[in-house]
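Given below, in the form of structure tokens, are the structures.
The two complexes that follow have chain A in common; it is paired with chain B in the first and with chain C in the second.
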Partner chain A sequence: MNKVFVIIMIFVLTGCAEQRIIDDLALINAVGYDVTENKKNPLKLTGTFPFITKDGKYDRKTIIVEGKSSKEAREKVRLKTNLKLESGQIRVTLYGQELAKHGMLPYLQSLVRDPSIGTRAKLALAEDQASDILMLQIKNEGQNATYLEQFLTKLNRENLRTNYNIYQFLRDYYDDGIDPILPVFKVEKNNIVYNGIGLFHEDKLVEILKPSEARYLFLFREEMKQGNFVEQIDVGEEEKASIMLNYELKEHHIEVQSTAANTKKASINIELIGDVLEYTGKEDVSDPKIQKKIENIITKKINQEGKELIVKLQKLQVDPLGINRYVRNKMNYKEWKALDKYQSYQEMNINIEANIILNSSGKWK
Partner chain B sequence: MRKDRNRFLKDFKLQKDQIRNITRVKQDTKIVRESLLEQFITDFKNSSDLSVTEFPYIQVKIYYFSYLINKDHYEQFLSKLRNITPEQLQPYLTHSEFKVLPDMKVLEEAILSGNAILFTEKQAYELPFQQGKGRSISSSETETVILGAHDAFVESVDVNLSLIRKRVMSSQLKTIKLYVGNTSKRTVYLLYIEGAASDKDIEEVKKRILSVHNDGITDTNMLVQFIDEHPNSPFPQFYTTERPDVTVYKLFEGKIVGLMDNSPNAFCTPVSFFDFMESMDDFSQRWIVGTFIKIIRYIAILVTLLFTALYVAVTTYHYEMIPQALLPTLLESRSKVPFPPVIEALFLEFLLELLREAGARLPTKVGQTIGIVGGIVIGQAAVQAGITSNILIIVVAASAIASFVIPSYLLSGSIRIVRFGFIILTGFWGNIGIVFGMGILIIHLSSLTNLNSPYLLPISPMYPKLFKYSLIRGPFKKKAERG
Partner chain C sequence: MQMKEKLSPFQASILVYLIQSGVTLFTLPRLVAEAFGTNGWIGLIFISLIVNINIVLIWLVFKISKGKSFFQIISIFPKWITLPVNLFIAVVWMLLGVFVMVKFSMILKVLFYNNVSLFYFFSMGYILSYIMLKKDLYQIAKSTVVLFYFTIWTVFLLAYHLPEFSFIRLTPYFFKGDTDMLKGGMSIYTALLGYELSILFIHMIERKQLKSLIAGNSITSLIYLGVTFISFGFFSFEQLLREMYPVVTLLGYISFPVLERVESFTFSIFGLKVLMTTVMYFWGTKELLQYQFKRIKPNFLLIGIMIMSFFVSFIPKVIKDVEQWLNYITYAATAIAFMLPILLIIIVLFTRKMNRKPANE
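And now, the complex of A and B:
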């Protein structure tokens, strides 16, 4: 009898949890943040969520509101739909370029503070306005959020390690020795396309690297495992021939050859093993002599162009490669705290020591 | 060697004791001749189905239930009796097949179990015309195996005993005969292997069976409910089986087996939860396959317990858990349903239980129709009418299939009941309800005992060494070590 009473009390006293039955919910799957000209409501929030039309079709609805803060804008979105707004299914958050330049942290914090949003929600930048990308109706492409998420996963799988979620961004932000990066998307011919990498100084966007520049960035980052290298090179006497390598990163280490007092020199050593998949020139790629020649040319090219990129990064005072982490490992905490790290980073002489080995000429001679 | 010899001597002694007992009984027999017949007639006064044949010439009366005895044997006996003179009668009746009945109790049992009773002037004899009427041995319907023996117990306890005796060719197999009930005495045999089973357990089972005073017990499955420790638990505590090979396997594991007359089920005790998860097929297959199947069974239990509950939890409270790819289908199929997921799930589960029960009770041919009608009504019409969602049908069907994977019908019934508890709990609390329910279930299971041995034996209390004998199906090589 007592047991029955206790069980009844458990059910009655605790009451019922708030029900959130999925067909009554607006499950926001992507949000975009932009700044507006409007002084009063400086934030533009775009939310998109799937809903089922009356005839049972899967469709999406996108709502744009302007507000003072992220959550205030969200309250305004709530007034514009008959469904209960829930943000637990957010997959992608997009940030406009303008907004990212002012600093991302307040918006990230409002996401992290919400317990229903997981830290695995992906982040991306919009080259212009985030709302443009989310509002875009691609033909036969239902949810922009799903499209973007798949796009980001694909980029990540293709070894452009751009799978940046909230956790990774904040980790790199709070780590003294490295700066976060985010992939950039833009609208082009009624399609959403990947358009480079945004470089951050702390939480502020500094520069967007074009995809062609960005590929060296990934080569020098540790996470890279394998990738492709397409280049116009000049092996023989003739005009430039295009070559494509499929390579694997065999070795990667960053050396800071300096003491605590004098942090002026660093080198990035990488060793690539590649297979030639395409070569339009006339030379016999399977010939060891030619191979050696190609190796030298590519090595020189990587060293040279990589150096240019690094100088650019140093000038911008962004450190997406995490050079400073290696500097930090060389000294104790006091010295590290006393160091003006961006100043020293800028003055550092960073060399690329690339080594390319041609493994085979592919299936053809 | 020495140990064996000792055991042999002990056996020998025991057998001698038995012989002595029998002789003592013979000496003690005091026959109250006239009163026995009188008492018999008064006891069976209103039995119009009792037949009697009289031979006034030799002063013999034979009473019997004509439908219980074997008529051919009886006719043969009568033809002999007709040619017998009063002098020849007495020597003829000393033949070993005719047993002298000492008192009314034995007599009553003899006639009710299908023998004829012969009253002479002085004594009452049992004429062994018991009819072997009943189902012939056939394969088991409830516990089917693909490999392995196919015979199953029948209603006659003698046949069942012979099925076991044929498999245990040893004098170590001991039987105890007991009677259950007040007026209608039902025979129960307790079987055990001497040395393997614990004496304390045997005494305990005996005591419990003798303390049952109910007359309406018709089957072993009923009997075990009278003698188990936790009658209010939904879980079966005595393992009942139709299969002689399982019974013998359990005997050699040191368990006590009970057979009841007119019941094709044997019960085994003490058993644990994991015995219900075992099929004889596991042992017929190679141990890797057997273990794999056993693991699948444990997954199946979880599926049937939690799948529908999880659907309810996810669609009612935890929308965050839904994978992106599943969201469109789930939203689409839920959009037409007017009820909250709990009602939807309970409705469909209830419908499925109805269907299952109807299928089990109906003859096969009608049962098939029910299956088809149910399949169409539930699978198609319910979705089109917008009463349930597509995904729920898959979920419920999966958990129903998983419930059939559990080899023991008794346990699968229990799990079905518990599943409804889980659905209601998740309807209130979501995932917390599942955790809460699992907690209560585990507490309940670990507090159960079967003949004072824990229900979750190798897990709680923990004996990792026994895992390969009960939790999984380990290789036999290891098993040989244990004997």
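And now, the complex of A and C:
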């Protein structure tokens, strides 16, 4: 009798937990944050969620409200729908450029504080207004949230390593030797396109690098193991030819030559092994001599253009490569705490030591 | 207490491990960072060593008394002398058992089940505890082995964090930053608490008593060390200081192809470990009270403890209160862990000298 009672209790008690019927839920899958002109309600929040229409079709609804803080705006969203709001399925949060320039931290903190939101929710910037991107109705493309999520995952898989989620952003923000970056999207011809990388100084957006500028950035970040390299080079006497390499990052290390008093020099050493996939010039790329020549040209190019990028980063006082982490690991604690990080970063002489080796000319001689 | 079957060393180790690993694990990496600063995970090794010293003390009691049980040793005193001490220890252990479960339930509520009343969690907890406690220690130990295999696989989830792990984030600094070695160290020590219950069952272990207890503590320490080490390379140091429950975040970062947010599942699995901690503290309470009040039927005593605990569970309203309570209780429990074996050693040596016959038999 006793056992029966216990078993009944266990079943009855678990049944008392809260019920959530999926048809009655508004599972928000993307949120956008923007600033408004309105002084009283400076924040514009865009939330989008999928729902099933009366005739059984899959659709989405996007709600825009203005409010004082993100959670206060969320309360307003609640008044605009007959469904119960749930944040647990948020996959992407978008931030307008204006807002990111003022600092991202308050918004991120409200996300990370909320236990229903996972730390793997992805972050991205909107070149203009986040609401534009989330409101956009792309033909035959149902949910902008899933579209963006796939996009971000794809960028990550293609080794652009722009996949930044809440955990990664906060990790790099709170780490004292690296600054976070975020991918930027914009609306172009009724489509959402990737348009570069936003650079952060602490939690404030400083500059957006165009995709063409940003490619070296990924090359110098350690996480990227493979990638493509397309370049106009001039091997022989004739016009510039286009070459495309599919490469593998064989080696990557950042060296800081430092004694405590003098941290003026650093070098980023990378070694790439590549296969030629396209070459539009007249030379025979399978010829070792020509290969050597191409290797030299590309090496020189990466060293030079990479250096230009680094100088730009130094000027902007952003450290997305985490050079300062290597500086930190060369010093003792007291010296590190006394160091003016950005000042010393700006004064550093950072060189690129690239080494490109051609492996093959593809499956054509 | 008559016991037909004895615990094998393996069972004893697992029992110790499961009593030890409780709800503090979820906050441990932050506690370690707060207490020891950068690379604080190394500090855990020292704390584990202190626990081992304590275990040796407990073993010494067993060795010097030539295998006598706790109750046999104290039976030289009349019961009115042992009553206040035993009552005090029983209350501390009972409260510890209660609050470990309350804290887990509250975190569970905050993180995953916002609208579910604590009443249900507590009811489930006490029903399950009661079912286990009705059996003797040998049966409980048998079920712990099952629970051990049921939960130990979660350790391997740590491997999922390797892609995000970086040695650079560990920094070359040892124990730098705002440290609070004494108070922080104390709070970490309480994460390993639980082994002290072995003073009640060390004589029931078949053989290799010392080794199996130390092995149990080593399993806990290794798991703690692993989790903390991964956390230090996974989070940046400042971030770690701000994460309320770093281990929950760690679990939450795992993504399976078909499952989002597995942490709610793994976190609930951890509930089984917490349950074992509670069950064993209640067991200790029961044993102590049974010794003092031989007349009461074991089952009535058990139900009494359960009812009392159930009502005590509702006293603290918020996690903050629970933490405050737990703080004081664990201090008391730590004091008991050290004082009790020392006291017992003195008693044993003293009785040997006086060669007195037990006053209570």
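In this section, the second predicted complex is superposed on the first by the 350 of 365 C-alpha atoms of A that agree within 3 Å, B and C clash if a C-alpha of one lies under 4 Å from a C-alpha of the other, contacts with A are read in each partner's own complex, and residues count from 1 in each chain.
Following the convention adopted for this analysis, a residue touches a chain if its C-beta (ideal position, glycine included) is under 8 Å from a C-beta of that chain, and two chains touch if they have at least 3 such contacts.
Computed from a predicted structure; not experimentally measured.
Because the two structures share chain A, they can be overlaid on it, and in that overlay chain B and chain C fit beside each other without clashing. Of the two partner chains, chain C is the only one touched by A:G322; chain B is not. By the touch criterion defined above, A:G56 lies against chain B but remains apart from chain C after alignment on the C-alpha atoms of chain A. After overlaying the two complexes on the shared chain, residue contacts for A:Y342 are found with neither chain B nor chain C.
Shared-chain residue A:Y167: touches chain C; no touch with chain B.
Of the two partner chains, chain B is the only one touched by A:T146; chain C is not. Contact with chain B, but none with chain C, is seen for A:E86 once the two complexes are overlaid on the shared chain. Once chain A of one complex is fitted onto chain A of the other, the partner contacts of A:G118 extend to both chain B and chain C. Of the two partner chains, chain C is the only one touched by A:D175; chain B is not.
Contact with chain C, but none with chain B, is seen for A:Y333 once the two complexes are overlaid on the shared chain. With chain A used as the common frame, the shortest Cα distance separating chain B from chain C works out to 5 Å. Shared contact residues of chain A, touching chain B in one structure and chain C in the other: 16-17, 88-89, 116, 118. On chain A, the positions that touch chain B within their shared complex are 11, 16-17, 19-23, 25, 27, 29, 50-52, 56-58, 86, 88-89, 91, 116, 118, 142, 146, 149. For chain B in complex with chain A, the touching residues are 314-317, 319-320, 322, 324, 327-328, 330-332, 334-337, 340-341, 428-430, 432. Residues 6, 9-10, 13-14, 16-18, 88-89, 115-116, 118-120, 167-168, 170-176, 322, 325-326, 328-329, 332-333, 336 of chain A are the ones touching chain C in the complex. Residues 38, 110-116, 120, 123-124, 127, 131, 164, 168-169, 171-173, 176, 235-239, 242, 249, 252-253, 255, 260-261 of chain C touch chain A in their complex.
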